[in-house]
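Chains: A, B, C, D and E, in written order; residue numbering restarts at 1 for each.
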Amino acid sequence: MANKKRIKVSKKAGLPPGALLHVGTQKTQKNSFDLISYNETDLKESTSPDFAQFAQLFKNENVNWVNIDGLHNVELIEKIGKNFNLHPLNIEDILNTQHRPTYEEHDELIFFTMKISGAFENDNVTFENISLVLGKNFVLTFQEKENELFNRIKERLRAHGPVRKRKADYLFYRLVDTIVDNYYVVLDNVSDRLEELETAVYRNPTNQTHHELQYLKKNLITFRKSIYPVREAVAKILKEETSIIDKQTLRYFSDVYDHTIHIAESLETLRDLVTGLSDAYVTNINFRMNEVIKVLTIISTIFMPLTFIVGVYGMNFQFMPELTWKWGYPLIMLFMFFVGIGMVFLMKRKRWI
Amino acid sequence: MANKKRIKVSKKAGLPPGALLHVGTQKTQKNSFDLISYNETDLKESTSPDFAQFAQLFKNENVNWVNIDGLHNVELIEKIGKNFNLHPLNIEDILNTQHRPTYEEHDELIFFTMKISGAFENDNVTFENISLVLGKNFVLTFQEKENELFNRIKERLRAHGPVRKRKADYLFYRLVDTIVDNYYVVLDNVSDRLEELETAVYRNPTNQTHHELQYLKKNLITFRKSIYPVREAVAKILKEETSIIDKQTLRYFSDVYDHTIHIAESLETLRDLVTGLSDAYVTNINFRMNEVIKVLTIISTIFMPLTFIVGVYGMNFQFMPELTWKWGYPLIMLFMFFVGIGMVFLMKRKRWI
Amino acid sequence: MANKKRIKVSKKAGLPPGALLHVGTQKTQKNSFDLISYNETDLKESTSPDFAQFAQLFKNENVNWVNIDGLHNVELIEKIGKNFNLHPLNIEDILNTQHRPTYEEHDELIFFTMKISGAFENDNVTFENISLVLGKNFVLTFQEKENELFNRIKERLRAHGPVRKRKADYLFYRLVDTIVDNYYVVLDNVSDRLEELETAVYRNPTNQTHHELQYLKKNLITFRKSIYPVREAVAKILKEETSIIDKQTLRYFSDVYDHTIHIAESLETLRDLVTGLSDAYVTNINFRMNEVIKVLTIISTIFMPLTFIVGVYGMNFQFMPELTWKWGYPLIMLFMFFVGIGMVFLMKRKRWI
Amino acid sequence: MANKKRIKVSKKAGLPPGALLHVGTQKTQKNSFDLISYNETDLKESTSPDFAQFAQLFKNENVNWVNIDGLHNVELIEKIGKNFNLHPLNIEDILNTQHRPTYEEHDELIFFTMKISGAFENDNVTFENISLVLGKNFVLTFQEKENELFNRIKERLRAHGPVRKRKADYLFYRLVDTIVDNYYVVLDNVSDRLEELETAVYRNPTNQTHHELQYLKKNLITFRKSIYPVREAVAKILKEETSIIDKQTLRYFSDVYDHTIHIAESLETLRDLVTGLSDAYVTNINFRMNEVIKVLTIISTIFMPLTFIVGVYGMNFQFMPELTWKWGYPLIMLFMFFVGIGMVFLMKRKRWI
Amino acid sequence: MANKKRIKVSKKAGLPPGALLHVGTQKTQKNSFDLISYNETDLKESTSPDFAQFAQLFKNENVNWVNIDGLHNVELIEKIGKNFNLHPLNIEDILNTQHRPTYEEHDELIFFTMKISGAFENDNVTFENISLVLGKNFVLTFQEKENELFNRIKERLRAHGPVRKRKADYLFYRLVDTIVDNYYVVLDNVSDRLEELETAVYRNPTNQTHHELQYLKKNLITFRKSIYPVREAVAKILKEETSIIDKQTLRYFSDVYDHTIHIAESLETLRDLVTGLSDAYVTNINFRMNEVIKVLTIISTIFMPLTFIVGVYGMNFQFMPELTWKWGYPLIMLFMFFVGIGMVFLMKRKRWI
């Protein structure tokens, strides 16, 4: 969990609900927004328009997609929010990147915040917040920073893809679907990493291996915190059957819902596997300790009695008849040889060797 | 979990929902489909027909079973799908072999994907995807590769079995029932394997044993992931009471439902048993380590004091009266004998020997 | 879990639903059935009647109890089943002794399979399958073998007990109640056994003790698998309020329901206790290992330095002044005595002794 | 769990439901009952009346509280039960002290069994069964033995407390409330005991400490078994809104319900704490073993090489030049001193010392 | 858990429900209360008024906020409670600082008790009880001691903040929101502390570290006990849609509800992390023990055989030819050197070094 950020959440304690504050780290320098306005035959696009331009481009009969990258420009976001009649609390939610994924239905609007999964690097998944707003003829997306994820959709829009024939709700679906599908990439990476760690645990377990397993587990916990509320949110979309989303599009959301369940189940499985590996590591360590102690005991059991025997004949008593025997030395060596053999034999019977 | 496959699932991220892509490994070379068209008196069968033949064979007043083996021929599957009015997302689901078992009801169709359990070899169960489509007078089955499981049903059809008197919904039931019953074979294999491992854990636990237990556990987790959604799906069939499935046939599905519950419960039990065995293994290792350390301590406790004593009389001091005594050597030997006996006695009292 | 039996269940995979096959081991040689037909004033009884006699004895105005011991006579059971209009799947369930306890309501019939707990011997509980069928004026019971459990009820019937005044539904209740109450006997045995094991764990834990605990746990899991579905089934009886069971009799079933809950809770408690004991065993083993290692360390800490000192004066250097001192030997002995005392003192401070 | 008693429960198996049998140990010699009949202005009290007297004292226009101590007088309880129209199964429940706390509503009666917690002595909580029956104008209480808990209420009744102004339902509430509040006493004792054990675990953990923790855990499990059904029962009172309990009194029961939830949550917390302590004990034992083994290794690492060196110069070879050197002895002592220092230094770097 | 206080809760056992008793420790000397009466244009404030003054200041057309610090003045609280028509049980709840957070709706009043989180010092979070009462035109707050948390709200009220334009329900929301947001501060502190402990566990684990982890876990349990009922309570506010809280204000409570869920989830995550760390500590200890034992075994394996060999040549037999060889001493030293090297080589192969 990124503590540095959350400290900022706690800083909001005591502020009135209307207070707008960007909670999170500034991840981009960009300070502006894009607008794509399209219908089946026509598409107009503008990067970083000013507000006057914006009003011109936005067409009520088109589907309008306004995408904002970077949340540190509080003023801009407030202006856009008010322009589209967002509730003050929703504008606050957009700015708070620690917000829990949530779905809200208003009269003419749907408000949906969720997390975009970034790359899985160094056993770490980064998540970014995204807020989506769906209205009758527009979709607003507020991201922490520019993201390549949506480029494909933009390209398809420009390339007269089938999205162009549909309404704003279908664009909204495509965006949510793209974000959800992207979780599979992380799942695959995690599961590849797990196989690496599995080999390490059974072949060459070090303290580092366990550390990495713990770290992976920690990340899976964070991942779950991101995906579970998304599942709930999509379930809500399906259940509440708002008028803004067409019934036909709703059919697609039931597919998204299946994916979120599948991801959640896979996460649970991965977590079980990590826990299993963690247990296997401990058992392995125990087993190796057992082996080491066995060796110690074998060595001690053989040499302690022998060392005692040679000690006996190292004593300086004047009257020790054996010492003067001619065959004393070879006999005692032979005797010790049999003692040693006997010990090995005994331990073989106990299945230690 | 077969990671190699899932990587392909993540490759779909970003593609539009209509994009048809076979997710999974190609398991058969077969490139065609079978059709069995029957009623009480008549049965016609054709392997690998072309589409023209197909139209001739398919009879509306009969029950028509179209079986497709191999999912890599995307074009063929799309053609069949469109012919039977499948939803584009369902065609996509048929091709995606990583799809979660699911059940969907449409106006004139029931769509059901589930997993066929393969053999239990090397502690591993393989699962194959199967999609079933039930219409008024037809059943479509899409399998990853040819499977002997359905041969029995085909034989019974040819042999004028009672299935011939029933409608398509009964054929559909027989197929689902056959797949579910087949899980029992795996359950039996797993539970036989578990008995082997139990003997190993209590008789001769090695690191390998634990590894195998972990592997079995992992497979049970995958198994559960396959059977739980089937249970939910069958529950949905029972609850939604579609018109395509006759009430009388529904009665049989409540029997299938009982089986899925029984399998799920048995899986849970098996999992509890594996976990218990895993714990027993660890405890056993601990117990053995304890035994080994006891031996080490016994040996040390007896020989360390004795070695010290003989060391004393190995010192080279000029004035050590004992060394010149005539009975010094036998006396010290006797003394050490009693020290040894005393130690053994002490340890007997502590119940170590 | 009795694997040998379950193999047979898996053998049914692929058979049509109508196929009648006795799943389980043949537990009795008996090949016939009993009939008791009674009303308040009259009781007629017949053991092993043929079918003609049977028709004569069975009286519609009486309560008729047909009890079949032994399920290997598939033909007889099918004949009886058909005579009483049982659904083919129910006849199949009667023959399948691995069937999960289940409750089904038909128009004129109630079908109920459950498990009779046998004796608790060698930490093992055996369970037998029983199927009960309740009709307007009859009760059918199908058991794997003869059972003394119902003798009491038979005696009371003959002795003009209050059951005689009631209808078939009350007889049905009495049978279910008797079976459920019998579970308490097993619970008591298990809990007595647990006290024995508790003593063993704390007084004299051996590897055997742990093995027995694991075995007990395994049996409790099987037990739970038998009782949980019974609880669900009785809950269903209470909820669905069928017309075949009188409201007054239903009141008694709510008492049975309380018992099943009580048994289920006691089972959970017993399981928690077994788990707790299992943990205590491990901790105890650890604690003992700690004690053993302490002794080893104490012995080593005292004698290793002393053995080194005597070794020093066992060296054969020509110029070692101490060796020629008159008091050298007694002084070094005194020195070693103080070293030993010092070590003991140190360890006392560390609270090892 | 008191096994001795439960054996008796299992003895009931096979008996008809009407059979009255006192299940439990006889805890009192008392053989009679008390009656307090009061209204706002008047209170009459009688200890151990005979049945004739009883009929005279009982007044329909008053609130009548009949309290029975001791359940071994089966005949008396049956007589009272029949007098107040109790259902035969309820009379059976009153006599069965192992009965699960339960709540039942009849037409004119409420029947409620629960457990009174006794003192917490020797890490053991005793629970006694109590059955309460509420009718329009009477409350019956059946206890295993005399209990001081109700004396306060009796005193307040005699002292014209506000209870006098209320109906029977309020007396019923006061009795239940007193019993529930009494659980807090046990909770406090348990939590005090837990602090003692916590100190023991961290300061001076012995095998006894763990034994006591396990015992405490076992008792908390029993405690939970007593309180959870009470919570359910009170929830039922609130939900079913019977006419026998006034709406105003119901308000007080929602307070009782809050208490039962609070107690249940505190129990869960205590259980978590005991589990945590139990883990801490194991970890502590492990940590100490680690410390002990470290000492063993340190001693061995220092003295084994030194003992080897002095052994070398204890060999009796004729040609060992060092032995004849004048400074041989002091040089070798210096050498061994540096070897020892070096070892200590190495271990300091490994942070063992 | 503060046992000292809870003892006092158990002291209430047996008292009648009306009995007013301050349960908890007296945390302030203050003996009076504040009143802020405001509307959009006007605000009047009074600290520690007497009751006469109070009546004058309280204006029905204004929003009146009465804040009481310190609960030991039972008489005052009773007087205020009666003045605002509180139910006797609620007055009791106000005084009982161990009360579980709860929410109650009455005809004209809402009663809400919850916990204010104090500072996180020495791994300990203190919680104070607060009771809030919302009426048509007033809010009452009863705190254990003065708290800076509300000063911000007071300042904003005086500074003509937007709260001034709203009704009492909005003030009520602002108070609850402030308390809930304050939990984030504790969450942040706990999560910072956890990072410290994580470093300690992996770098330098001592018994103290584990002790602190356990302590933190214990505190998280207490924390959860405080926040979970608050979540339920807020859910109740949202569901029951009382007329006292305006629909517009209710929208804000759904925001508070999101926060309580987020806090609860974060708590669960923190608890998982603490458990994970605790496991990592144990594994780490085991791993280190393994390392130490390896060193012991290496030392023993090398020096025990060598010490035996030098012992052999320390024996005093008269006929030991090697002793008289000229090169005997160097040869045996060379031999021992190779034995030592061989041992090291063997252990390298076993990957111990």
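Here, a residue touches a chain if its C-beta (ideal position, glycine included) is under 8 Å from a C-beta of that chain, and two chains touch if they have at least 3 such contacts.
This one's a predicted model, so the numbers in the text were calculated from it and none came from an experiment.
**Student:** Spell out the chains that contact chain A while also contacting chain D.
**Tutor:** For chain A paired with chain D, the chains in contact with each are E, in label order.
**Student:** So what's the Cα centroid distance for chain B and chain E, whole Å?
**Tutor:** Inter-chain centre distance comes to 43 Å.
**Student:** Taking the mean of the CA coordinates per chain, how far is chain A from chain E in Å?
**Tutor:** 26
**Student:** What residues in chain B touch two or more of the other chains?
**Tutor:** 282, 286, 289, 293, 296, 300, 304, 307, 311, 314-316, 320
**Student:** Report the topology of the inter-chain touch graph, choosing from line, ring, star, complete and other.
**Tutor:** Contact pattern: a closed ring, each chain touching exactly two others.
**Student:** Going by the contact rule set out above, which residues of chain E touch chain A in the complex?
**Tutor:** 149, 152-153, 156, 161-163, 174, 177-178, 181-182, 184-185, 187-188, 191-192, 195, 202, 251-252, 255, 258, 261-262, 265-266, 269, 272-273, 276-277, 279-280, 283-284, 286-287, 289-290, 293-294, 296-297, 300-301, 304-305, 307-308, 311-312, 314-320, 351-352
**Student:** Residues of chain A touching chain E in their complex?
**Tutor:** 1, 3, 6-7, 9-10, 12-14, 16-18, 87, 89, 99-100, 102, 204, 207, 210-211, 214, 217-218, 221-222, 225, 278, 281-282, 285-286, 288-289, 292-293, 295-296, 299-300, 303-304, 306-307, 310-311, 313-316, 320, 322-329, 332-333
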